[in-house]
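Structures incoming, each one as structure tokens.
You will see chain A twice below: alongside chain B first, and alongside chain C after that.
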Partner chain A sequence: MSDKKTGVYICSGCGLGEAFDVAALEKTVGDEFNAALCKSSGFLCEEAGVNEIKGDIRNEGLDAVMIAACSTRVNYDVFDFGEKILVERVDLREKVAWCQDEGSEDTLDMAKDYLRMGAAKLKEIELTVPFVQDVSDTILVIGGGVAGMTSALGAGAAGHNVLLVEKSDRLGGFMRGMKKTLPRNAPYINLEENSIEQLTEEVKADRKISVHLNSIIKSIVGAPGMFDVTIENGATSVVRAGAVVVATGFRPYEKEKLTDFGSDLPDVVTSVEFEGMAASGKIVRPSNGEPVGSALFVQCAGSRDKKHLPYCSSICCSVSLKQALYLREEYPDSSATIVYKDIRTPGKMELFYKQAQLDPGIFLVKGEIDNVTRDGDNLQVHVNDSLLGPAVSLKADLVVLATGMVSSTYDASVTIDKPEDQMTDDDRAKSGKASILNLQYRKGPELPHLKEEFAFPDSHFICFPYETQRTGIYAAGSARSPQGIADSIDDALGATVKAIQSVKLVGAGKAVSPRAGDTSYPDFFLQRCTQCKRCTVECPFGTLDEDKKGTPKPNPTRCRRCGICMGACPERIISFANYSINMISSMIKAIEAPDEFSGKLRVLMFVCENDAMPAIEMAGLNRLKYDAQVRIIPLRCLGSTNIVWIADALAAGFDGVIMLGCKHGDDYQCHFVKGSELAETRMSKVQETLDRLMLESERILVESISINEAHKVPEIIDGFMENLSDMEPNPYKGF
Partner chain B sequence: MSGSLLVIGGGIAGMTSALEAAECGLKVHLVEKDFSLGGRVLRMNRYFPKLCPPACGVEINYRRLRSNPDVEVLTNSEVVSISGVRGEFSVVVETSPRYVNARCTACGDCEKVCPVKGKDPHNYGLSEITAIRAPHKMAMPMRYAIDMDVCEGESCGKCVTACKYGAVDFAMKPVRTTLVVGSVIYATGWKPYDAGKIENLGYGKIANVVTNVEMERLAAPDGPNGGAIMDKPVKKVAFVQCAGSRDENHLPYCSSVCCMASLKQATYVRERYPDSEVYIFYIDLRASGKYQLFQDKLMGDSNVHFIKGKVAKVEDGEHGQAVVVAEDILGGEKIRVAVDLVVLATGMEPVTTRDERLPDRDEYGFISANQGRNGIHSVGVAKSPVDVTTTIRDATGSVVKALCL
Partner chain C sequence: MSVIQPDIGVSLRVMEKGGDSLQKCFQCGNCSAICDVTPDDDPFPRREMLYAQWGQKEKLLGNVNVWLCHQCNDCSFHCPGGANPGDVMAAVRNLSFQHYSYLGFGRYLSDPKLAPLLLAIPAVLIALVVAVGSLPGFMSMKPIVFSNMAPVMAIDLIFIPAMVFAVVAGLAGIIAIWRDFTAHYGDERDVALIKAVWLTLLGVLRHDKMKKCVVNAPRTNAHLLLFYGFFALLATTTLVALMHWINLLGIASVAETPLPLSHPVKVLGNIGAITALSGIYIIVTRRLTLNAKQVGGTLYYDSFFGVVLFLTIATGILAELFRLVDYSFPAFAIYYVHLVFVFTLLVYAPFSKFAHMLYRATALTFTNTRKRKP
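Right, the complex of A and B next:
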């Protein structure tokens, strides 16, 4: 605190004064800290208490304040003294008084250590100064179908210039070829007129939107707010955009692969082909141009099928019902039979389904298709597992295969010639990705897909459906996940809002989700960089590019401020103004380790602030007690753990380290994708080193916890302490 | 006032709209009728298909709110009236007294002395809680409140004496505030369909028949029995799909989430009790899109039995069990299955609000989607029965309309 004028305020309310001797804490502050003043109060969050702090700031010229009281879950807005004052909340309530024995020496020691850690932190951090650059607020929308046009109109109406890039020679996409669309308006039972022409006219008339037909994106260089986009349509032009919406749509699953469903027979068509016939005005049998007396609609043709698409395309059931109605309208004597696994008409679409069922010419058969054969002029469809019996054979003039949706971002021909277990993350970033964005990023040119069985650039997060691993780039519509028109419209608007938000936030030097508004950013002291590339490889967001020598190029507007790069760097050259290697190291060194004769162990705990820290706070709120020898340091993400901290802890005499973060694996809960997993990998290397130093590797525990598992906090801590008590104290204690 | 927005409802939809708008630079008023933000999702144990706790995403949103001065949160408040036009609505909001003022530190001393208990709405009435309380441990704001339906009133006054900080104030009165905003988003959410109306399924009459929302609490580690589901090991559980849904006598529409919710809840049972058996009675299994992969995983579990057929009734069985009577359509026979617990997959009904002048509702009570041009928007289940991620997508996208003023 040497260079900052700091006021320390200790609250003794809410049981704190009973849990430990506040006067003793004040003495610690007086003896050890170079604080400008130290005061205690029985009710610090009271208006009078807060006003006193404000008065001190004014009269004493304080530039930093330490509030040693409750956690930020309570009174989060009370201790705000403006942008110029550094505030450090030291949680002595949930993290000490409410989880420790009242009045014991250990509880007092714990409270003292948290004050020391707070002081050490305040000494090392600075106010953040946002990294502000001149940004473009133009939105690039790729794809001119219903999603892309909706996005363009939304962004235009919100005042942004829009570049709308469409690879074909006209706007409208898939929807242009539709005869009618599914009900979107009450009473939700009637097909609606196709409104694509109207939408197209609106786009053409919108002066904010510049439409580029017959165009593709040759490359995107730069970062959010400053994307230099090369558009190619014969000639090339370079334009600047601030954010990108990917609305490139879907393509139907390949008919040729569906020979089990008779796709090689002339009177077997896909739902897309059938729609085309209906829209062009005449539904006929392709083999002979004759009217259709009976049609059989095969649901899930190549969907929900491990040999084809394992997922459901969500809209095909409704589309087949719609198409059955087309047929019935054109040929009143015809019959339409729908063979299905489950009819999936969720929500209000159920009302449309019910309406269609009233039609006496529409028949629904649960079953699975065995095969489709030709029988003279007719087709024979063999159905298994039917409600009509073990196996039945149905006759039809025409078979319509309801084929599923494949994301336009997927390209099976892009393969990496390596066995799966040898593929690197970089290989996976390229494998199966269609050329759409052509980002000039170290981490690959396209948006990552959610998973192999679902090759869509969908978000991994239920709560944050637009979370992508590439800042400022948002996918929408059927490119992002299989969906119909109504959903694509909503989705396009969602992606548009995120794109607009991204240019606004990065323009102000702020982070986007999940640390939205954070004005800190990583600073690289490149003179000491050894070009080891660990930061560029480990950043999950493709933030860092490399020059030829391997020196990282920071691109701060791509950054999410998780600090994974800081954790990765062996030279410790990456830091944030308010979060750094030195800050945590100083906090570790500020903690008093009991000497080897005390019989007490000391354990350091690194805790992810996203889920694990709230769980610990809630353990406090629930008055759950745990061992008094742990000292907790919150981290932005467990992935920001630099192994030097472990060395610092062991050198400082700590007997063990617990790392508590989010769940990883396929259904990871880490908000920074790989943070907790990377931490575990790094720690396994540390554990090997410990073994070499003849120290037990069990001294380091990496655990995951969910936010609602407060009850596990004592289990984890006390269990670890028990294991540790079987070991000798850290032999490096006192060195 | 074109740069400002009113969001009605502080559940996941409303919080999302408010935050996405504020992070685009709008000034937002977020009005919630309960004592805390968070809404229905905080009462759920896990989300499908990741089986992750909803509190995780809510906490991120809380953090965004804490650090964003552009969202003004009004809890315990309802919109009384909206007048004016797009671009300049005048909104009257009434904040009911919580009888605990801003001096509250959430220390809990009041709760220890409160002599009366009522049903805890956070646990759907499955447990009891004191009249003065924090709404739940994840509450925001983390401040106590008094449930006046339960409280004995000022004459008791034990909490007033116990509070060292003078935070309990029985003299608090309702306060009306007038806001002027450019546009309005209804994010008023849903309530579970009243299972008592489905007479043949025995809810409220037969022991151990619960609804799917109650099942979320029974399986939650912070729920009424620590996540053990029942007070004894559970051997057999039946899930009754479309309980009151897709049914002209109840809700004619499909609520779109119940199939996945039951599949998810089947994992609660199977995970906690490895020898348990689960029976799912369904009409169609609606695991759309990528959710199919979740369904496939469950279908690989030989202890989970899928029976296509609508449940005819639930009856009392022997030894405290309940008997599910259904037609097994694929097996072509009527079957009876005795189980320890029956979970009714009840659907979602839209919540109606005090101010009924502006939103145009369809016959089911959903606020129509296509009134965007008049500056009034609806998102999430206020508009249509959808799942959480679709709600959030919708709540995000609707902000564009507020940005267009």
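Right, the complex of A and C next:
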């Protein structure tokens, strides 16, 4: 608190006063901190309490306040004293009073340490100055189908100029070829007339939208707010856009690969071909032009199948029911059989399914297709494990294969002809990606896919729908995940809102989700950079480009402010105004480690503030008690852990370190995609080093936890303490 | 590999016979899981629902499960799709009656348009008996003796051949369905037939299966009342006829109708009638006041059987009451109606819903010959 004039306020409400002696804390502040003033209150968040702080700021000229009260997740609006005042919230409620024994000495020690940590932090941080640039608020929408057009109309209605780029010669995309569409209105039981023409007219009439037909994106240079987009349609033109919505749709899975389902027989068609037939007027057997007396729909033809697409496309069951109704309408005596693995009609489509099911001419049965063969004039479909019997055969005039959806961002033909161990990151980034964005980014031209076998450019679908792993670029519709028209419309609007938020936030120098509104950004002390490229490689968002030598080129508007680069940097040259290596190191050093004769262990916990920290606070809310010897430091992301902190902690006499992050892996919950995973990789290396130093590697525990797993917090902490108690105290204690 | 062709005709008939919710089934199997009478190794009614949807007639006929179902409606009550499997099973049973009934007479009993004709046949026959056999001036004779109007001899001349026809028809139905059961499940028996019959009899007398019903549990006691009441009445009628023939053939001299109220046979008859009527009262009020999910849908062929049974017993009681208070005309008129309904009930039994007794007992016996335990 050296150069800052700081006021310290300790609250004794909500049981804090009973948990520890507030006067003793005030004494610690008085003895140890160079604070301008220290006050306590029985009800700090009450108007009188807040007004007192405001008064002190005004009268005493404070430029920082430390609120030792409740979690930062509550009352953040109450304890906001404007941009000029640094506020440090020391959580003595959820993290001390509510999870520790009332009145014990350990509880008081814990509270004192948190005050010391807060003071150390305040000493190291500065007010942030937003990185503000002149940005464009134009939204670039790629793809002129239902999702793209909906997005364009939405952005236009919100007052943004829109560039709508469509590679074919007309708007409408896949939807244009449909005879009817699935119900989108209550009671969700009737097929609806195709409304694509109306949508197209609206787009054409909207002055905010400039439509580029027969156009592709040649390249995108820059960063959110400042994308320079080269559009090519014979000639090339460069336009500036602030954010991008990718709504390039899907391709049906290749029929040629489905010979197991008889795709080489003339009367076996895909649902896309069947739709075309229905839309053009007459449903007939392709082999002889005769009417169709019986059609058999094969669900999951090449879907949920390890040999083909491993996933469900979510819409095919509804589509087959729709097409079965086409057939029944055209030929009232016909039968439509649907063989399914499971009928999956999500959401309101369940109502449509229930309606279609009532048609006695629609026969549904669960089963696995064995093969489809020709039997004279008919087709014979052999079904195994069906509810009708272990092996049955069904006859049909026409077989319709309900093929799944492949994202248009995926292109299997783009392969890198190198052995896996010789592939560069660049090679991996390009492999399997269709040419859509052509970003001039260090980490590749296209959007990363979620996982290899589910090649969609999604981010975490529950927490961050529409967000891709490239800031300012949002995916919508069937390009993002398999879906039908209704979902594509929702998706398009969601992605558009995200794109608009992006240009607004970027324009104000603020981060987008999940740290929306954060005005800090990473600062690189490049004189000391060794061009090791670890920051550029490890950034999950492709934020950093490189010059020829490999020096990182920061692009603050692409940055999500997670600090993964800060954790990666071996030279420790990356920092934020309010989050830095020194700040955490100082906090670690501010904690009093008991000496080896006290019999007490001391454990440091680095906790990701996204999911793990709320879980710990909820443990407090539920009054779950855990060991009093832990000291918790919240991190923006576990990926921002720099290994120097581990060294600091061990040197400062801590007996162990717990790192608690979000779940990683295929269904990750990490808010920064790979942060907790990276932390785990880094720590496994630290643990090797510890073994070499004859220090038990079990002194470091890396754990992941979900936001709803508060009950696991005591298990993790107390279990770790128990393991530690079997070891000698940290031999570096006291050095 | 069996080739399966869906048959809309059959599924439409099931829907028409009370299984109209059939198409709502999506094969979740809750019904089979909830059913307490279903065998563990061949659970119903989930699969039967699919066969019905697909119109797989040959899988539904000769399907013993269709008859093991006692229509508790536990399945319908718990069905998440509203497919009412209990009603669908009942509809399938109805199609099954029609199929197995001798000469296909069953379909006439399921067609409301034919009801007047079906009642006209006994009405004319009994009228003939009265016209030919009644004593002149029977109406004014005191005390009222019903055989003065319809002599036992004349009635038996019609009744005995008609009952022989009914028994033959019933047996024919039993043999036909037994043959189909065997065709479906093979003919290796684990238990002797006689033992299986005995087990069935015990089970029926105790209503073992029906006692497992949960949703429609009160029906079990009602059915027990009706069951024992009916058999008491049947015994009464048979004993009266026997007593008549014993006297007629001079084997011995026993009491003749009208029996005094204190006569054991009369006591049996009166208690039987009251018991049966209370059973009917419970069943009918439940069907009228509770929803179909709990008690099952009520269709024409259910009502036909129920109404005939009720009127048979009610007219019997009324005729007795008018006889006791000595009102000749209503007593004789109602007795005539009573005879018509007795004929309708018994002679049409193998073709009406009454035959559930025959087919279900056959199915239970068939199952009892196997190790497979229902």
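One rule holds for everything that comes next: the second predicted complex is superposed on the first by the 611 of 735 C-alpha atoms of A that agree within 3 Å, B and C clash if a C-alpha of one lies under 4 Å from a C-alpha of the other, contacts with A are read in each partner's own complex, and residues count from 1 in each chain.
Here, a residue touches a chain if its C-beta (ideal position, glycine included) is under 8 Å from a C-beta of that chain, and two chains touch if they have at least 3 such contacts.
Nothing here was measured: the structure is a model prediction, and the numbers come from that model.
J.: Mind working out whether A:Pro310 is in touch with chain B, chain C, both or neither, as first, second, both or neither?
T.: first
J.: Among the partners chain B and chain C, which is in contact with a greater number of residues of chain A?
T.: Of the two chains, more chain A residues are contacted by B.
J.: For A:Phe363 in the superposed arrangement: first (chain B), second (chain C), both or neither?
T.: So A:Phe363 only meets chain C here.
J.: Applying the document's definition of touch, where does A:Thr536 land relative to chain B and chain C: first, second, both, or neither?
T.: neither
J.: Between chain B (first) and chain C (second), which does A:Lys395 come into contact with in this model arrangement: first, second, both, or neither?
T.: second
J.: Going by the contact rule set out at the top, does A:His382 touch chain B (first), chain C (second), both, or neither?
T.: second
J.: Given the touch rule stated above, what does A:Asn708 touch, chain B (first), chain C (second), both, or neither?
T.: In the superposition, A:Asn708 touches chain B alone.
J.: With the two complexes superposed on chain A, say which partner A:Asn194 touches: chain B (first), chain C (second), both, or neither.
T.: neither
J.: Answer with first, second, both or neither: which of chain B and chain C does A:Thr337 touch in the superposed model?
T.: So A:Thr337 only meets chain C here.
J.: According to the stated criteria, A:Lys354 is in contact with first (chain B), second (chain C), both, or neither; which is it?
T.: both
J.: Going by the contact definition given at the top, which residues of chain A touch chain B in one complex and chain C in the other?
T.: Overlap of chain B and chain C footprints on chain A: residues 343, 354, 366, 387.
J.: Which residues of chain A touch chain B once you look at their complex with the stated criterion?
T.: 13-15, 43, 45-46, 70, 72-77, 154-155, 157-159, 184-188, 304, 310-314, 342-351, 354, 366, 385, 387, 450, 453-454, 456, 458-466, 481-483, 487, 490-498, 500-501, 504-505, 513-514, 516-517, 610-611, 614, 618, 621-622, 663, 667, 669, 671, 706-711
J.: Could you please specify the touching residues of chain C with respect to chain A in the complex?
T.: Within the complex, chain C contacts chain A at residues 1-6, 8, 11-12, 15, 23-24, 26-27, 47, 50, 53-54, 56, 81.
J.: Using the touch rule from the top, collect the residues of chain A that touch chain C in their complex.
T.: On the chain A side, the touching residues are 335, 337, 343, 354, 357-361, 363-366, 380, 382, 387-389, 391-395.
J.: Write out the stretch or stretches of chain B touching chain A in their complex.
T.: Residues 12, 19-20, 23-25, 45, 47, 50-61, 64, 66-68, 103, 105-107, 137-138, 140, 142-143, 164-165, 220-222, 226, 246, 252-256, 284-293, 296, 308, 329-330, 362-364, 366, 368-370, 384-386, 388-390, 392-394, 396-401, 403-404.
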